[in-house]
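Structures are listed in the sections that come next.
Okay, so chain A shows up in both of these, paired with chain B first and chain C after.
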Partner chain A sequence: MYRGGVGQFSYLLHRVTGVGILLFLLVHIADTALICLGPGYYNRIMALYAHPVFKLSEVALFAAVLFHALNGIRVFLVDFWERGTVYHKKLFYLEAIVFFVVMVPVAYKMVGSFVLGSLF
Partner chain B sequence: MKIKLQIKRFNPEKDRAPWWGKYEVDVEPNDRLLDALHEVKWRQDGTLAFRRSCAHGVCGSDAMKINGRNRLACKELVRNLSRTIVVEPLMGFRVLKDLIVDMEPFFKKYRQIHPYLVNEDPEEPGRERLQTPAERSRFEDTTKCILCAACTTACPSFWTNPDYVGPASIVQAHRFIFDSRDRAGAERLHILNESEGVWRCRTVFNCAEACPRGIDVPKAIAEVKRALVFKKI
Partner chain C sequence: MEAGADWSVESGGRPMPEGGLELYAWIFMRLSGVALLFLALGHMVLMHILNSVEVIDYDFVARRYASVLWRTYDFLMLFLAMLHGVNGARTILADVVTHPGRRFLFQSILFTVGAVFLVLGALVIFTFQPV
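This part shows the complex of A and B:
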């Protein structure tokens, strides 16, 4: 292992979320293609997605897309904004803040009632 | 003061796999890690192999991974390191023996970017090619590179793709691309625009932290990227 800093960490996350999103897209193409076999198959698969595990992974998917998008903007700024390399760490912290500000209400909206409901 | 060294040893002619050599040495706090390595080699185990030449941070031969980060052994004071110091060879190159890696691929890429001044314009007799201080300061930072490979071997893009030209070669290219006396900037930019060129940089910033000369490597790389996109040097 190399003891890198913020840059290495965000690079790793960018890769992992990128591969994750790609996997989702492949699965998504497969499940949507089931419609060609008729509505029966398609509906059965869709019913599966109502399962709590899938609900939670939908939140994870949203988080991955959000991080990947925000980090993409950051990488773009580092490359093409003249002061980007100076502020790359600050940009990352800003990115983290934006990520949580967006993520908390969205996660609440997506699974809040369902998670809280199972707790109480 | 007593310190412990944990050195990754590997002799491809004898060992099946790398192993950790553990040594205890007595050093002064102001000694460099290089002194501690000498202590091991000269008094404890003569089979330990590492490179060094100037011993003063100029020649760039003793870059190695020290406590997980690329450093020059001759510039690290032991008092600034931990009591147990972990020393490994640079990542991404073939290990020839212990801390010595095969740097030939590194220099091959270095040669690819034409690391010398290209200018076929006839010189005025008795005159040098003049340059204003402002023109000179444009590439001041990148003249400091000593080709130790600490930046390139700290780069995840390079580990995963050994064909990537790497930060060191981009720094060297930068030094000539932005030199007002040079005429081969377009050619170097063309080379760096290839698929194994500057776009493999994923802005990880390990290079900036690793450079023992304090060169702002990511800035140089970003300037090359911008020169490619905006077609302006």
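This part shows the complex of A and C:
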């Protein structure tokens, strides 16, 4: 199915991030449902999310949502803007730039302190 | 994958279906996508950047859910995200699983799981009362 090129790459990433976000949505509904069992259960699961492994997963989740959102805008433009098909590759490079410009400070805010703290 | 889908697939999108339910699903994906752009990214920024899992606990949710506005926001996001996600997974299964019986089985499981979690999530959003 994969034939190479920017379009197929973004298509694959869009599907992989989409499935990942859907799976997390199911987990997130389950963990939020624990709140009906009372503060004890809910606060314990939230404390678990503060674990470094989950904090790194949180960065991955944000990255997946951000990529899916940016690429979704690009798909929307290709579908509805008459020049979209002409610029779809340029739009992908623009999307990649925006992705990294946003991700660097976001990752720093989420895990910067303990990642840098464990290095130095 | 659909035939004659050259430009759309090459640029990473899914070709616009000719009509029927598939066309409505295609349009729904784009409209719900735009709404989720604000709802889901807003949620991520608010809960994961401005706040964080370190400060989110039972009392935080209780204060937040004192407002019917946040419950409405969350339900709208849950509803659209689940439909958007399940429909996306449905098209992936349609592309990947070629055996009709197996495809029907996997899609049935997908719809069932999606419906159960949507109902569970909606129940929590609308019935939660802090102790």
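Throughout what follows, the second predicted complex is superposed on the first by the 118 of 120 C-alpha atoms of A that agree within 3 Å, B and C clash if a C-alpha of one lies under 4 Å from a C-alpha of the other, contacts with A are read in each partner's own complex, and residues count from 1 in each chain.
FYI, contacts are C-beta pairs under 8 Å (C-beta built on N, C-alpha and C of every residue); 3 or more make two chains touch, one makes a residue touch a chain.
Treat the numbers as computed from the prediction; the structure is a model and nothing was measured.
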With both complexes overlaid on chain A, does A:V75 touch chain B (first), chain C (second), both or neither? both
Considering only the touch criterion stated at the top, classify A:V115 as touching first (chain B), second (chain C), both, or neither. neither
By the touch definition at the top of the document, which applies to A:T85: first (chain B), second (chain C), both, or neither? both
Which superposed partner A:Y49 touches (first chain B, second chain C, both, neither): second
Decide which partner touches more residues of chain A, taking chain B and chain C as the two options. C
Just to be sure I read the superposition right, which of the two partners does A:V102 touch: chain B = first, chain C = second, or both, or neither? neither
A:G4 contacts which: chain B (first), chain C (second), both, neither? first
Quick one: is A:A33 in contact with chain B, with chain C, with both, or with neither? Answer first, second, both or neither. second
Residues of chain A that lie at the interface with chain B and also at the interface with chain C: 1, 5-8, 11, 14, 75, 78-80, 84-85, 88
Per the contact definition, I'd like the list of chain A residues that touch chain B in the complex. 1-8, 11-12, 14, 75, 78-80, 82, 84-86, 88
Residues of chain B touching chain A in the complex: 65, 67-70, 91, 154, 156, 202-206, 208-209, 216, 218-219, 222, 225-226, 229
Going by the contact rule set out above, which residues of chain A touch chain C in the complex? 1, 5-11, 14-15, 18-19, 21-22, 25-26, 29-30, 32-33, 35-36, 38-39, 42-43, 46, 49-50, 54-55, 58, 62, 65-66, 69, 71-76, 78-80, 84-85, 88-89, 92, 106, 109-110
Note: in the complex, chain C contacts chain A through residues 1, 7-14, 16, 30, 33-34, 36-37, 40-41, 44, 48-49, 52-54, 56-59, 61, 78, 81-82, 85-86, 88-89, 92, 95, 113, 117, 120-121, 124, 127-128, 131
